[in-house]
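By written order: A, B, C, D, E, F and G. Residues from 1 in each chain.
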């Protein structure tokens, strides 16, 4: 059972209440302190911690205020007076000053010394970007120079194990703060540089976790700076937090904001490397496939519709043309032959129709006929004549004068063969001739 | 009797004339004899001529038959 | 008998002329015989000619028939 | 019978001319026979020529067929 | 029959020319036969040539097909 | 058939030249066949070459995949 | 590490050069394949070497003689 009057806040309600209260109560305060952890966000807002030996407070100066501020560029270690409103950052419930102005109050002791050192090394060329060694693409082994018990070594090992299982890490244990720390760190760096070939490391992480400027001081000391400068192995510095800077950070080949970041930098290279290899491998396969495909397709048209594939078809066309020629040849020639035969047949038939034998027979009959007629006519004529002669002959036979003698008459003729019809014409002794039916006799007239 | 080579037709006419003369009873005997005689001669002559021709015809026919028997033309065969 | 080499047609005409002449009753006997004789000769001659041709024709036809039987052409086979 | 080596067409024309002449009934006998004889020769000659060619054609076709059977071309197989 | 080694195209053109000549119905018999004979010879020759090439082509095609079946490229498998 | 060891690109150019020549319809048959034969041979040769390389490529890829499966890198695990 | 370590950087550069060469489509097939083969081999080799890297976290400790000796290290989880 809860008392009715007990007020229970939600966290946000309380932080909001606190914020309003503080802003009303401390609307304008001026605070003196040393700036540290200065971060200028990309938004243009400035964040830092204002501190002195015994206390610290977060400060946020928004972009508009910064532009109007007396001091516009702030560096760690600067002694400044910040003017502003006290407030609460509700999300974290953190006390902070929302600064409206700031001015320089004189440089702090630590930073003055540090700045001096930095200046000296800069002049010696220790920070020359030209001499910064590139990190190995992929370290085979990583050397770490740090405290074996600190947060740094834990963070580094954790991250490396997670991101690059089983990567070889060799830790050189060194004290990282207090007297002699710088020497141990330097010895670690030198140790790795002095390792025989094949047993060394490819990259060094040198650093420690966060702490005060005093805690980090070893990394500003000459032995460490010189050792880093000497190192043939690329060195990543990883000291404190992102806002902390040491000389080691400037001389190192690469500065990591934190030890974790250093581990990430190293491992990130592996990811990049693997990705690169995969990319290249895929590119290789893709390109090879493309090459094969291109070659294949360069052959493709030759399989399908090209003149090469059409060649057997051309043979068929020629065969057809040839067949056509042959058929035409046969047809035309046989037709011609048939025609010739027909012509021959017609002529031969007409010729055969001509009956020479008949003609000969006709002529024969004609001749025969004429011959018969000639014979008949001639016969007729002969018979006629014979008849006529016969008639005349028999008539003549009847008229023969000698027929009288047969009756007993006789015929007397004189010398001159004249018939004697008158006896007075006779003279005596005249010789006469007397003819009888049979024979004749000569006689002499005796008397008149 | 002289052999006159009268042609058949002339001879025939002469004979006919002789016969005509002889048919006249007034023909003197003497002349009658002569005519008769002439007629007989003519007759004989003409008969001879006819017979001669007849003989020749027979020879011709014989020749023709002989020649024809081999190659005689027989119109019946054609019919 | 002289062998006149009259061509058949001329001979035929002559023969016809002979017939015509013989049909005239006034043709003298001797001339008639001469015509007869000539007619007979012509007839024989022409018959012989006809027979000769007939023989030749028969031989030709026989030859032609013989020749054809061997190599007779059969156009149906080509069809 | 002399074997004239007239070409077919000339022979045909000649034969046709012969037939035309022969069809005239007034063709003289001897000429008719000569034409007939020539016609027979021509006819036989032409038939022989036709037969010879026919034989050669058969041989050629047989050759062609024989030659093809071995290496006959089958365009369908390609399709 | 002489085997002229005309190339195919020339032979084909010749054959077609022969056919064109034969299309004239007035080609004389002997000339027609000569054309026919030449055409048949050409045809036989050309068929042989075509058949030879066709055979070779079939072998090549078979080889190509056979060769592909063993080692044919299947682009789908890679996809 | 001689197996020329032309490299693929030279062979392809040759093949393309052959096809271009074959595209001319007036290429004589024998020449066409020679081109075809050469083209088929080249094609077979090129296919073989492609197939050989394809096989090798597959083997290499398989090897690469097999090798990777053991130690494959999985960047997602980090996220 | 006994094996002679591959120089990853050199290898990667080589690989990149190979890919660049292969990107030229006019690379002849055989040369392309050679490049591919070399590239794949390199890739495999590089991956293998990555896998072969020693997988331990060591700390250096002074031994009796004052030398440094590597020993296994496990950070304390007292963070």
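Odds and ends about this structure:
Quick note on the criterion: contacts are C-beta pairs under 8 Å (C-beta built on N, C-alpha and C of every residue); 3 or more make two chains touch, one makes a residue touch a chain.
Values in this document were obtained by computation on a predicted structure and should not be read as measured data.
Among the remaining chains, those touching chain A as well as chain D are C, E.
Residue numbering shows that chain C and chain D use the same positions for less than half of their mutual interface. With every chain reduced to the mean of its CA atoms, the largest distance from chain F is reached by B. Central chain assignment: E. Criterion: smallest distance from chain C-alpha mean to the mean of all protein C-alpha atoms.
Chain pair with the larger contact count among E-F and A-G is A-G, by C-beta pairs in contact.
Of all chains, the one whose mean C-alpha position sits at the greatest distance from that of chain C is G. The geometric centre of chain C is 67 Å away from that of chain E, both derived from CA atoms. Distance from the chain C centre to the chain F centre is 100 Å, each centre being the mean of its Cα atoms. Taking each chain's centre as the mean of its C-alpha atoms, chain A lies 13 Å from chain F.
Centre to centre, using the average C-alpha position, chain B and chain C are separated by 34 Å. Chain contacts: chain E has residues 8, 29, 33, 36, 40, 43, 47, 50, 53-54, 57, 61, 73 touching two or more partner chains. Across the assembly, chain A contributes residues 274, 281, 285, 288-289, 295-296, 311-312, 315, 318-319, 333, 337, 340-341, 356, 360-361, 363-364, 367-368, 378, 382, 385 that each touch 2 or more other chains.
Pairwise chain contacts in this structure: A-B, A-C, A-D, A-E, A-F, A-G, B-C, C-D, D-E, E-F, F-G. Of all residues in chain F, only 8, 12, 15, 18-20, 22-23, 25, 29, 32-33, 36, 39-40, 43, 46-47, 50, 53-54, 57, 61, 64, 73, 75, 78 touch chain A in the complex they form. Of all residues in chain E, only 28-30, 33, 36-37, 40, 43-44, 47-48, 50-52, 54, 58 touch chain D in the complex they form. Of all residues in chain C, those touching chain D in their complex are 7-9, 49-50, 53, 56-57, 60-61, 63-64, 67-68, 71-73, 78. The part of chain A that touches chain C in the complex is made up of residues 334, 337-338, 341, 356-357, 360-361, 363-364, 366-368, 370-371, 373-375, 377-378, 381-382, 384-385. Within the complex, the chain A residues that touch chain B are 358, 361, 364-365, 367-368, 378, 382, 385-386, 388-389, 392-393, 395-396, 399-402, 411, 413, 417-419.
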